[in-house]
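Structure incoming, see below.
A, B and C are the chain letters, set down in written order, and residue numbers restart from 1 in every chain.
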Amino acid sequence: MSVRRAAYLVAGLAVAFLVLAPLTSIDAAQQAGLPLLTDKLWFRIATTVAMFVVMASAWNIIGGLTGYASFGNVAFFGLGAYTAGVVVTNLNLPFALALVLAPLVAAAFAVIVGIPLLRLRGHYFAVATLGVGVAVGEVVNNIEPLGAATGLFLPIIRSDLLFFYLMLGAALLAVLTTWIILRTRFGYGLLAIRENEEAAAVIGVNTTFYKVAAFCIAAALTGIAGAIFAQWNSFINQDNAFAISDNVQMILMAVIGGTGTVLGPVAGAISLELIIQTLAGGGSGSVFSQIGLGVLLAVCVIFIPRGVIDFFGGRSRLSLRYFRQTLRETSV
Amino acid sequence: MSLLAIRDVSKRFGGVNALAGVTFEVEQGDILGIIGPNGAGKTTLLNCISGLYRPDAGDIRWETTSIRGLAPYRIARLGIGRTFQIVRPFPSMTVRENTAMGALFGRPGARLQPGAALNEADMVLDVVGLGEKRHYPVLRLTVPDRKRLEVARALAMRPRLLLLDEVMAGLNQVEIEQALEMVRRVRDSGVTIVLIEHVMKVIVGVCRRALVLNFGRTLVEGPPAEVLKDRRVIEAYLGQRYARDQEK
Amino acid sequence: MSQFTQQVILGLLLGGVYVAVALGFSLVWGILNIVNLAHGALVIIGAYITWVLFTRLHIDPFLSLPVDALALFVIGYALQRGVINRVIRAPLLFTFLLTFGINLVIVSLLLLIFTGDFRSVTPAYSGSGLHLGSIVIPYIRLGGLAAALLLAGILWVVLNRTRSGTAILAVGADRDAAQLVGVDLRHMYALTFAIGAAFAGVAGGIISTFQSITPTAGDPYTLQAFVVVILGGLGRVSATVAGGLAFGLIEVLGQSAPGLSSSYANAIAFVVLVVVLVVRPRGLLGRLA
């Protein structure tokens, strides 16, 4: 069996495990004597990983496929989270409604902010969106009905299982969306914009509409993740809903995994989040994990800019020669 | 009624008048050559027509409608295709996919799906002579082939008007002959062509009319052979003294 | 009207700080096309060096500025030559991510060394100032503005009147052509970044006199440096000076507007940024970046 086949098999088993194993935690299963395959810690990590799969895949749509690297997608996460907060806490409406409204709010904001900002390229777009991420968080932090600096509490729903499946569902939605996009005319248009925007324009691609649409889709998916997070965590504030570190993490995951592909962000999200969780668990906590993250970022950017998925596509092999070649291409 | 009418078009960048009142018309079925020294405004003119620049003054009419200031994608879908002087392929796609992009987005009135676009691409690639290299990644192509690809992508749009920007630059004599053949095939298939060129052999060989631009203005217009002998044109390219010497 | 005059003066004084912070950032961006997300961290290193010299050796903060410059020059040179040079020809996203990673590492190291406690540098004259009628101009701020303008002058002289400066400008204008006439690109890149870092260090020293410092205090300055460069324009020292002073004025006057307060600092910066980018991308005095 080739390496590729084996990889698919392993992946398939992993997915099956993900979907079925959590069921062992249901009371009925426990009473029937099934072994508990997934404990609280497992749920916490798995749900977080799924959350980042959503965010990395969503970022990939605007950053990887379209080539507009947004450094402010965390704004959509936060908006989704606070929409859920408002719906559930302030308006006393069911959470299911929040799941519908959050992506709409995020997408609407993406249209408003996207139309002026998507006229910018490269550096400008990146830092302008960084500014959005920071500014939105700051503004929300000052609004009283949203809890201002103290934060917003949501009524607690205790169910590891529910939130895991919700986040897993969102992750599947994100991956499926990317897969569909890459098969359609829309996807080709995005790639054209990424590769050569002026050429795309003169062959008939409505670049403004496509860019804004991609931005909206990314925003909506990220918003859903934010909404689920809000209810799962039962508490949101500027620090956890608009965390700049989340921002960079989702980009890093997409880059490490391989931008522009369907499974790249998934691979990146899973591997990076597991590494982060391991680092955070051992030793002086967050400071070392931050240093580790920074060094990892530097190493990845320097040595594997095309992402890990490059090795799975059959195009490259992990070797010293690969690294040397990459370095030669990008060094001065 | 002409296919394309340029009326008194001007465009400035900062203090520079790239175009200062250019006027001419293109009839259906024409092959019009535009020549002029470097910096004369030829590419700027093309950019104005295809919508990448907005003229500061004047009008551009496509049949009866004004297309001045329209977004590039709209102009493309009206049936105007163009190539770039420095080619702009989509690097991550194959020759076939690049070409198909033109069919996918640029067809007047039709919205193709990827499958149909790829089929269209196959046909077009045969016309330009890239049929055998259809699955090559772009980076593997030679310069003349990349230019062919650029033309193929524009042709896949099934344009009524094709704007070619220095397609012959950098080609040797043999390649120029082949490219000329390709241009004639394209013309025969019913496409009106405007080409910017420095290679005079091309202008004389395939254009029915020629237009000379200098400093953003039209200098002379007429049949290529006459235009090239015009004293003002020689002066513009080679200087007053040479022109005077020629006359003696 | 003296309230307004006080605000304007404060705005200009704050602007001086922004000029100091943005000079190095603008140089690196204009010449190397690198938007250095670790710039704020470099500034804070300078602040800490000044703090250490002040508390251990009782050296006046303004006298420690050259030390800041030297230390950051070395650090900057090493960083560029050793690390950033490796991705400089890669797409912009990667230099972005790399400098972000460097920022993370520097801030974390500072946290380890100095902890998160707030430190201040309080020389004897920190409370006093120049009295002009009812307006008070704190000496510290004045010193900061003077130092900033001096820095701008030094940068202008280095770029326009020295051989290295000419080489730097050449590299910025056309990298390949510069190589063809014999410029050692790797060294020039490192030199440019080192100068940018040195200026950041001096800015840090200035900042330490009126602000408490903590490892994460540098991040806002990166965003603000960005806004200053966009506002003023890229490519000329005078553009950065104009941008810095203008931004200082906007911040002070903006924050005193009804309904807003200093907690909206980033939001104000962002709005300025977007407005400039949409209305006049080349900024007040500069070229299109």
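Here is the rule we use: contacts are C-beta pairs under 8 Å (C-beta built on N, C-alpha and C of every residue); 3 or more make two chains touch, one makes a residue touch a chain.
What you see is a predicted model; the values in this text were computed from it and never measured.
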item	value
Graph class of chain-chain contacts, one of line, ring, star, complete, other	line
Central chain (by mean CA position)	A
Which two chains share the largest set of C-beta contact pairs	A-C
Length of the line joining the C-alpha centres of subunit A and subunit C, rounded to whole Å	32
Centre distance in Å when subunit A and subunit B are each reduced to the mean of their C-alpha atoms	44
Whole-Å gap between the CA centroids of subunit B and subunit C	48
Sites on subunit B at which at least two other chains make contact	none
Complex contacts: residues of subunit C adjacent to subunit A	29, 33, 35, 83, 85-94, 96-98, 100-105, 107-109, 111-112, 185-186, 189, 223, 226-227, 230, 263-267, 269-271, 273-274, 277-278, 281, 289
Contact set on subunit A toward subunit B in their complex	183-185, 188-189, 191-192, 195-196, 198-208, 260
Residues of subunit B that touch subunit A when the two form their complex	50-52, 71-73, 75-77, 81-82, 84, 88-93, 101-102, 104-107, 111-114, 153-154, 157
Of subunit A, residues touching subunit C in the complex	63, 69, 71, 116-117, 119-120, 122-124, 126-128, 130-132, 134-135, 138-139, 141-142, 248, 251-252, 255, 287-288, 290-291, 293-298, 301-302, 305, 327, 329-332
